[in-house]
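A short worksheet on the structure shown next.
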Amino acid sequence: MTRDNSERRYGRFGGRYVAEALWHPLETLHQAFDEVQNDESFRESYESWLDRRLGRPTPLTPLEELSDDIGGGQLLAKREDLLQGGSFTANMAVVYGLLARRLGHEWLVGETATGDFGVALASIGSAMGLRSRIFVGREDLESESLSMQHLHQLGAIVETVDTSNRGRKVACAEAMGHWATHADSELYCPSSLAMADPYPRIIEHALSTIGAELKVQLERQHVEPEYLVAPIGSGSFGVGLFEPFVDRESTQLVGVQAGGPGQDGEHAASLTYGRPGVFQGTYSFLLQDQHGQIGSPSSIAAGLCVPNVGPQHAAWAESGDVHYVAVTDREALSAARQLLQSEGILVSLESAHAIAYALKLAPTLGPDETVVVGISGSGMRDLDRLESTEPEGDPHE
Amino acid sequence: MTRDNSERRYGRFGGRYVAEALWHPLETLHQAFDEVQNDESFRESYESWLDRRLGRPTPLTPLEELSDDIGGGQLLAKREDLLQGGSFTANMAVVYGLLARRLGHEWLVGETATGDFGVALASIGSAMGLRSRIFVGREDLESESLSMQHLHQLGAIVETVDTSNRGRKVACAEAMGHWATHADSELYCPSSLAMADPYPRIIEHALSTIGAELKVQLERQHVEPEYLVAPIGSGSFGVGLFEPFVDRESTQLVGVQAGGPGQDGEHAASLTYGRPGVFQGTYSFLLQDQHGQIGSPSSIAAGLCVPNVGPQHAAWAESGDVHYVAVTDREALSAARQLLQSEGILVSLESAHAIAYALKLAPTLGPDETVVVGISGSGMRDLDRLESTEPEGDPHE
Amino acid sequence: MSDRLRTLTERRAEGGPSILMCALVAGDPFVEATVEHMQTIADAGADVIELLVPFSEPTYHGPVIRRGFERALQEDVSWQDVRTIAASFRATHDTPLIASSYYNPILALGEDRFVELVADVGFDGVMVADLPWDESGDLRARLDTRGLSMLPMVAPTTPTDRIEMMASESETYVIWTGHSGGELTLSRHDFEASMQTLRQHTDRPVVASMKISTDEEASAVATCCDGILVGSAIVWLIEGRDSDLSSRLARFVGDLRESLPQ
Amino acid sequence: MSDRLRTLTERRAEGGPSILMCALVAGDPFVEATVEHMQTIADAGADVIELLVPFSEPTYHGPVIRRGFERALQEDVSWQDVRTIAASFRATHDTPLIASSYYNPILALGEDRFVELVADVGFDGVMVADLPWDESGDLRARLDTRGLSMLPMVAPTTPTDRIEMMASESETYVIWTGHSGGELTLSRHDFEASMQTLRQHTDRPVVASMKISTDEEASAVATCCDGILVGSAIVWLIEGRDSDLSSRLARFVGDLRESLPQ
């Protein structure tokens, strides 16, 4: 994607819409990031963390039983659920940790909704000798008790934010507010791609490892997929998966947002139902009312429950490079169950959105055609939700 | 290790001590296993499962922060916690699944205590189009609710076995009893190495991938470790890690059993306090009273809570090839916390036993000396136990 | 720059009394009340009023103002209401008026329509919490065509070259934001030092937003700069909804005025 | 082979009456009771008694016998007790006696001391649930030196070459174990077919363990083979601890005897 650095934008999207207090910390980070991108030793150290600690590369798994069950095209899964901590977010944590060390900061500050990113940040932080402060909304804190125990045992400071909505939005605001007054000793580490510059660039850099790995794996297996499907919350995972494929004409990229409970206006599908606006420091697609007040996203998947997307996706949506769709809570739950029962793979409800779309797509394809689905994380933390939403009648005969 | 196949033994240990009804099914399995060992296509298919689904190879992670904290030798961890399902047991499940398919069986039958192996078996089973029946003791069923939800969602049949002890012992007996009458359509898949021939051979074959991988990783990094430490329950994981290193004089192998609560007779340290006997089909070290009645093992780590070990370990204990020690519940808990806080790695309490021993060992070594610790699985399922046993006073200042 | 703002800025630059800037939320708790409060505040001695236009995600404001925003949003306060409030106030008062919000409500209206609106009803300047100087070029140009200004905001993290850039690209007084999200970042001592540095890079008057809630604090802050911005303390009084709110507001603003160097 | 066992085996091989083998647990619920029960059972017509020596992990026995084992282990039944029981029984009866257990209690005592003990007190044979023919060579050789036998056990899964091997390496009758862990594996029809196959590979008498609990079942099974082994049903009666247990036991065994072909 061509991007004019000096303008901090992707096409007309992006930018750095923050309070003056944050401009300079972001500028400092931007400079540090520009430096490390050309720094061989940084790259080496980054790769060594991925290889020796996170478990990269992650496998590309053929879903043969599932493909047989539904008929049509072949499904493959790129398995970020097998990364340390059970999701792709560990990759971001490594980049943040290395940047913090370079900047001489001792603290990582982040927010978490599903718990995945908070745990990843605190874990990598520990391993790098850094301390962590994680902001969590009270609602998420309560629904993700396992992650919260994990954070506690890691010795991270958990800052509870009072809000009655799930999702990163409020925790994110608090974390940024905190950072504005502690920018000299702490590094703010957002998990959201919908953030002020330079975060979209940093996150794209950290996560395009996923797409790059996939490219190599596909080449080795002589597969040219017809579709590449990813779940899109803020779009961090999606940008990492898609970026190396955007120029490839033969592969249609599909980003799947949360269609929510399915009632009017209850969703998190900013690219389908939103319009451009400025929120959380970036100009991008956004759920908002006619007065520019931000809408409340709704989804069973906390990681998708965000009102906006990263600027790259806004640009791709406008250019038509990526096709964005929405899938309902119910479809996602049923896809998670189907994948588990036919492939023994337990994915997060975020990833289940991508699977659900692939399940609709595959039957329309021929047996030589392939759909690669990006699995962003493991569904260990969603087991309770699968159990409690079980459809009437025991599914196992 | 030299082993006289026709005698089904490792030195004087091992054998096939089962009811007549099981002799022939075991013999059939033995023949199938002998065949596949020389079958190139089986090997390829096995390796493809490991590579494309499980996430092999697992990383060898330098524990730099922890090593710095305690001083002395350098610690490295072999990370089976990053395998699909969070433990080494997935490797066994793949071999069993492939053997079942070869034998034309439609069911996998196994037992589980920690839940790890049950989930691995049912997951791989699903992916291979096989059904699974998992025997679980009621006590374990209740303390591992996450795994049990996982099994339920996988569509596995869970058979509850009434017993008031944790650990695999009783579930194991039930599973074998069941198999004796269903051997023509089901494959019995024990997780325990302390089993009748040919299981110790099959398990060693399936898991020595771990040691073989480690060997290559160490060579690439030009490290010759002074110590290689593994947790030993029945010893499946240990045999996989040790086998490729047994002939190497320069590396001392250490197997760590459960010292339990630390009171007299409350432990699972069969190699320290037991003596040879026949149980679960094999002649090996065993907790037993003077009359040959089997003793009750005790450990906070359900996976180590077994009264006996696989025959390979009995032979290695007698030959002196491996040194076996015991570590208490309390030491293991504290090691799990220390590793989590200084490295951000959450390991199972089984693995924490090996870490605990390594923490005692490292300070006695020089900075050029290395200890490799085998991490058998992730501690996600032990978080509750870490929280509920937290020492007085908040550890995080 | 509007004449009203120019007069105020120059008055202080030429050694006049400290600037007292007071903020309140449009439509908190309802539209007519805001007009009354503005009149009270102006009459009690405020030199300039910041009318906060509510946004659903007030990331950079503290809890008191957030609650004010929530109350106003429950009343569905819109730009139309802001127009009404400002127009009513202008009918009786000539006090300089600043429209203050976040960028998205402005974008939703459209920058052009926004500038038209604020200019038409007699605003003098604009503050946008999440629109930094570098991203506001277009909006500033549009405001300029109608003689309105964007007030430059400076924070403890702002390096000197940015201070100079903003000073060179603006004419009004400067807002010093010593807190962010409600938390004060500077000790008294650091504040004095910052003000000294600031003076080395601009001779524009500096109005400090320092979480001031008493006249003692006001006078202490004002000795190091050219004026104070008081927001939360006023919104907090309004939140109390005392029966004698008007006279309390008047007394509070009057006391602040008194405490400032003349 | 002991004379007592040889006589029994040959009697049936030469067309004599069906063999009635009854099992009970040593020391269930206490040592003296077991001796009495053995006497009752023998007097009521049992041809041979299997004395089950308890083991803590009775993997291959059903729930009734497991509970019997538990009761006996609560009494700390040991080999010493087994010696006492057998010796007391031999003082009055000449019925063939089989010592039956799992392998580990035997190993704990030592194979030599075990063989000495069972031979000294007049056992005739041995059954070890988890010691298959292929692993029992040593023990069989030792037993042989004292004239004792290990009874070959055949299961539905046993292939014909194994049947022939066991038959060729033994002299006693054969035990057919049609259930394992308490679950019957064969339908009536399959059982008949199995017996026919078995006959093609050995002319040794076959005693079937088929979870028999009534005289009707006994007579049905016995028509296809040379005798029956009844265990759980007897242990279940003992578990009941009826006040007239002895007479109920006598009646039950007597009825079984009656139901068998003469």
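Should a chain be cited, it is by its letter among A, B, C and D, assigned in written order, with residues numbered from 1 in that chain.
Note that a contact is a pair of C-beta atoms (placed from the backbone, for glycine too) under 8 Å apart; a residue touches a chain by one contact, two chains touch by 3 or more.
As the structure is a computational prediction, the values presented were derived from the model and not from experiment.
*Asks:* With centres defined as the mean C-alpha position, give me the chain A-chain D separation in Å.
*Replies:* 67
*Asks:* From the mean C-alpha coordinate of chain A to that of chain B, what's the distance rounded to whole Å?
*Replies:* About 34 Å, centre to centre.
*Asks:* For chain D, give me the residues that contact two or more of the other chains.
*Replies:* none
*Asks:* Tell me, which residues of chain A touch at least two other chains?
*Replies:* Residues of chain A touching two or more partner chains: there are none.
*Asks:* What kind of graph do the touching chains make: line, ring, star, complete, other?
*Replies:* Chain contacts: open path, no cycle.
*Asks:* Applying that definition of touch, give me each pair of chains that meets it.
*Replies:* A-B, A-C, B-D
*Asks:* In the complex formed with chain C, which residues of chain A make contact?
*Replies:* Result: residues 15-25, 169, 173-174, 176-178, 180-181, 183, 276-281, 286, 288, 290-294 of chain A touch chain C.
*Asks:* With touch defined as at the start, can you tell me which chain D residues reach chain B in the complex?
*Replies:* The contact residues of chain D facing chain B are 55-57, 59-60, 73, 78-79, 102-109, 129-135, 153-159, 162, 177, 179-183, 185.
*Asks:* Which chain A residues qualify as touching chain B in the complex?
*Replies:* 51-55, 58-62, 64-65, 79, 82-84, 122-129, 146, 149-150, 152-155, 157, 337, 340-346, 380, 383-384, 386-387, 395-396
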